[in-house]
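A, B, C and D are the chain letters, set down in written order, and residue numbers restart from 1 in every chain.
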Amino acid sequence: MTLWLLPLVPIIAGAFIATLGDRSRLLLGIMAVATLAATLVLALLGVSQDWTATLVWTDAIRLSAAFVPVSAAVAIMVPTVAIAVVFHATQNESKTGLARLIGLMILFTGGMELVVVANDLLTLLIGWELIGACSWALISHKWRQIDNPQSGLYAFVTTRTGDLGLFAALMALFTATGSFDYAGIQNLGGPLQWVVGFGILFSAASKAGQVPFSPWLFRAMAGPSSVSALLHAATLVAAGAYLVVRLHPYLAEVPGFEATAIAIGLTTALAGGITGVLQDHAKRLLAASTSAQLGFMFVAVGAGYPGIAVLHMIVHATFKAPLFLSAGIAGEAAGTYQLDRLRLGRELPVVAIITLVAVAGLAGLVGSAGGWSKEEIVKASEHTGFWLALSVMAGGTLSAAYATRFQLLAYGRRDKDADSRVTTVPGWVALIGIAALSAMTLILSLLWFSPVAESAAAALDIILPKGSPLVFALSLLLVLIGIAIGVYLVRYRPALGATGSSAAASDWLGLPKLIDIVLIQPADAIARAAARTDDRVVDRGIRGTAAFGDWLARLGDRFGEAATDGIPEGTARLTEMFSHDLRRLQTGLSHHYYAYIIGGVFIIFAILVVGA
Amino acid sequence: MTLTAILIVAAALFGIGLFGALSQKSFVMLMMGLEMMLNGTLLAAVGFWAFTLEGAPKGQLLAILVMAVMAVELAIGFALVVAVYRKREADVIEGIGTMKQ
Amino acid sequence: MMTFALAFAILILVLALGIWFAAVLDGVFSRQLSGHGTAGLLAPFHASAVYLTQQRLRTEAPDQLNWFLSIAGYLSVAAIGLAVVPFGPDLAVIGLDTSVVFWGACESLIVVLVFLHGWSPNSPLSLIGAYRYVAIGLPIMLPSMFVLIAVAIPAQSLDLRDIVTSQETVWNVIRQPLGLPLFLLLGLSLTLRGPFDYADSDDLAGGTSAEDSGANRAGWQVARLAMLVGFSAVASTAFLGGYLGPVLPGFVWVIIKTLVVMAIVIGLSHLLVRLPVARMLGLIWKILLPISFLDLLWAGLVALA
Amino acid sequence: MGRIGGTGMTDLLFYALSALAIWSGWRVFRVDSMIRATFALMVSFTSVGGIAVLMAADYIGVATVFMMAVEMMVMGLFMVMFMMNPAGLNPMQMVHQYKFSIAAGVLGFVGLATAVLLTNFPDNPLPENRDTLRDLGIELLGGSMLIFETAGVTLLATMVGAVALSSRRGRFGDSDAGAAPPGLHPGGEPAGRKVEKGGGHGGHGGHGGHQMNMEKTKQDSSDDPHKGHGNMSETEA
């Protein structure tokens, strides 16, 4: 039962903190760190003692939670990253609604933990819904700007569309087996198995921002940077990848599952890479990169190496989070997220160095943790086929290109003669979070040492794939080419993605437009048509009813008035007349009274006679 | 002499008494009407006793009670008439038209 | 049927004899005590002849019917009262279980009739007489009722015949000494005599009979005398043993005793002093009525002993 | 039941007495003279008493005559005291709601007679030779003693009440002292509605006529009640 504590502690504490109202940054920081530290401790304890939990809801419905190696790793990773990110948020985000923001983030972490430890689809779904709802609230956090709630809604609707897949899978599973246990998926066959498999994949792709759901990640950038960091690094987006990783053992047998996963992942990795290269908005660049990196993970899963995907997820979390935080600091300092207008190298040298550590991971440089895990994915894909490996390597090139571009544009040194501007330089406390994350990614660089990597693999119960040196060399070469492209673009095309065709392409190569044309406009047209039909046909009936009612009312007014008024008024008048007459009965003369009595007696006898 | 004949006589006496009680202006005459009604009642009571009770003495008791009622009615009636006359100088019903709100 | 005829004959005899005797006796007392009137065995017939030959006077708007009815009724009631008196065992004209009550009814009717007699002529003096008489006649009936009930107690019957039978050992006049004197006072009232003559007394110039003349006057006087006979017969039956007596036939004893009672009544009527109405009322309500209670109580105690 | 003579004789007597009772009862409300009315009622009662005697209710019958004679005597006295026209010198009809009363009386009679005719009465006649008087005596002082005594106490209370009502002045003031509203100022006119004078009563010409003695009433025939009798003929239907 104790395992329930892992999600419940942050959920309850988060809800509590969210309702605290205005508090000092320090207090909120302490509370957040304490809560998440407790969560981390619980996660560690649970992993080490192999906690499980079951909650019998009804005979048919039972919630269960347990650890497998994959989930244990993620369960520890999530609070670890969250501590840094949330602490960063307490120190950097705007004071308005800060307690709510922090509380929701902690709650969000709890929901993620629930997803991680879930051992059946229903428990998973509960956590899934929780983080979905929290993501909406967090993206819409600055709700006073009208765009933000709309962005939140967009993200929410998109992910919910994907959730339909999970619902379908859940219902199919329950219909077939009468329980929600993951284990039941294996025994399925035929269409239901297919429904379960692709439903889950559909759902995971939508959460992970895979094509064609990718655009919601851009809209999600409306949220504060800390939120983006948490969402992209450790929780929401990662949950999509985690889902396929966690369920891979059960879904691998589903025909076409792995191929589809590879197709989605590869497409996303390439499209995301191009988008990232073309993107001029700092956070969107990072968002596109997230899609691309998760695409790598899908590829790894599709290639049959979910453990590699998890490793990349963890590594990705440690470098993507500081990048988002860094972008937030930069945007805050410059007042804009336009990359070519940042160039804050002089103003924020410390941040620039910290960011460089993370960028190295994003770029996949040898020696960085990101580089190691990317190479592992390349090796894994190599087992499926060389062309796949090549494609992944191409994705790596693009990664290197946009990573270079991000670092140089954001923290490059601008010309001295440029117009002076006022920048906000954060204090050292504000940098603790981001620094801690960069430190983590630095530590993870140790994976390049074989013993460390072996022990990590052992802990995750996986086998590291073996790759050919040729491919490794090619990969490194392609990374270098990517860096070169990045440097070239920064130097000669600094405003790439800000104007012209590149700007249009930077928005997911026109995918939102496509969605708009293919889905939204027809739906809108259908809706408008339906509305017109409603106005003309259905409304006519209602208007007719109203008109009939009106007519009836007029009729009632004309004729019923007399009746309805006449009844009470007539009764009143009759009563009045009667009472006047009745009053006249009181003559004061006793012989009249005798007469009444006699009349009454006669009446009584008449009644008795009739009654008899 | 049958019970029916006796009761019809009693009914006739009662009807006359009713007419008198309703029609007479004078209090004393009004009381005569009441007495007449009781007269019919008395006759009916005795008739029922004689023809339907096998001589059960309670029938006679009823007649005695009717007579007692007559006496009470008369005594109280005259006392009231005297009292009213003293206060209102009224000896007819119309003389005390104040029995109203 | 034979007994009825015999009883009726005796009744007529007693009535006629009694009226004559009473008239004579009255004349004698009157003559002896006041010096007025005519005494003599034939004097009553004289007087009757005078009255019958007189012209009848009419008052203004009299109630002729009631005037006549009052006189006739008075006489009838006297006869009816006499009719319940047994002249021998099972020798009564009207043999009723409730003859005592019957006599009581007659008493109350007498009051009504005397009142009518005073009211009918539409004359003030007679009306005053009538009113005075009612005031006295009604209350004096109360002691008489109690006395008669006391008489009924030893007989355990309301029948005068049984009352006579109950006196075979001792007469009620001895058994209930208070009874007869009280009853005689009632007799004075019923017959409009002496101190109880508030109806026809001289102080009202004849009272109810002030306007009587001719046959009416004769009838009224006869009726009063007949009432005296009837009352005396009842009194003798109730208190003096009625037809009981040695040797002679029962009805003879009745006649003898009746005449004796009559003589006593006439004597009392001439000897007793008159009282004003108010004082007489006080006497009746405060003295005679309690005495009659005592009589009743005494009779009850004797019956229980 | 033939107690007097044969059955035929009894029936004859019954019809005669019934006719007398009804006729005299009718006369009560039709004669002009109060006294005649009173004594007509007495005749009616007496006839009913006679019928009771015919039905072997000796005591009831005789007692009815006895009691009613006294009652009617009293009633007659009051009649003469209160009513104008004691002798019936003028035709008089002191009635109101006349037609209604006739209708009510007729309706009452018809209704009762119908009920009598339509009802099937049980036939349990008085056994021959039953000592009804003894029965009554035993009942009055035996089983129904409580009823009898209650009637007695009621009569006593009636006497007390009648005396209290008719006494002019009691120990604590006028007999109706409690019934009159207090004065508006000490010793003043009583508050509230004034007594309606007159109201259909033209009899005694008002002015405390009840205090006049008969003598004076008789003598002052000029402004005397008798004069007003003419307009007493009004009929209020």
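Please note the rule applied: a contact is a pair of C-beta atoms (placed from the backbone, for glycine too) under 8 Å apart; a residue touches a chain by one contact, two chains touch by 3 or more.
Small disclaimer: the values here were computed from a predicted structure and weren't measured.
Compared with chain D, the chain whose C-alpha mean position is the greatest distance off is A. The most centrally placed chain, judged by C-alpha centroids, is B. Comparing chain pairs A-B and A-D, the larger number of C-beta contacts belongs to A-B. With centres defined as mean CA coordinates, chain B is found 103 Å away from chain A.
Inter-chain centre distance (chain A to chain D, centres taken as mean C-alpha positions): 108 Å. One inter-chain figure worth recording: chain B and chain D are separated by 7 Å, centre to centre, where each centre is the mean of the chain's CA atoms. Centres computed as Cα averages put chain A at a distance of 133 Å from chain C.
Taken residue by residue, chain B touches two or more other chains at 18, 22, 24-25, 93-94, 96-98, whereas all remaining positions touch fewer.
Residues of chain D in contact with two or more other chains: 59, 63, 67, 74, 96-97, 100-101, 104, 108.
Among the residues of chain C, none is in touch with two or more other chains.
Pairs of chains in mutual contact: A-B, A-D, B-D, C-D.
Of all the residues in chain D, the ones that touch chain C in their complex are 33, 35-36, 39, 42, 58-59, 62-63, 65-67, 69-70, 72-74, 76-77, 80, 86-89, 131, 133, 214-215, 218. Against chain D, the residues of chain C that register as touching in their complex are 61-63, 65-66, 96-98, 101-102, 104-105, 108-109, 111-112, 115-116, 119, 122, 124, 127-128, 131, 134, 138, 141, 158. The part of chain D that touches chain A in the complex is made up of residues 96-97, 100-101, 104, 107-108, 111.
Chain B makes touch with chain D in their complex at residues 1, 3-20, 22-29, 31-33, 35-36, 39, 42-43, 46-47, 49-55, 57-58, 60-61, 63-65, 67-68, 70-72, 74-76, 78-83, 85-98.
Against chain A, in their complex, chain B makes its touches with residues 18, 21-22, 24-25, 30, 93-94, 96-101.
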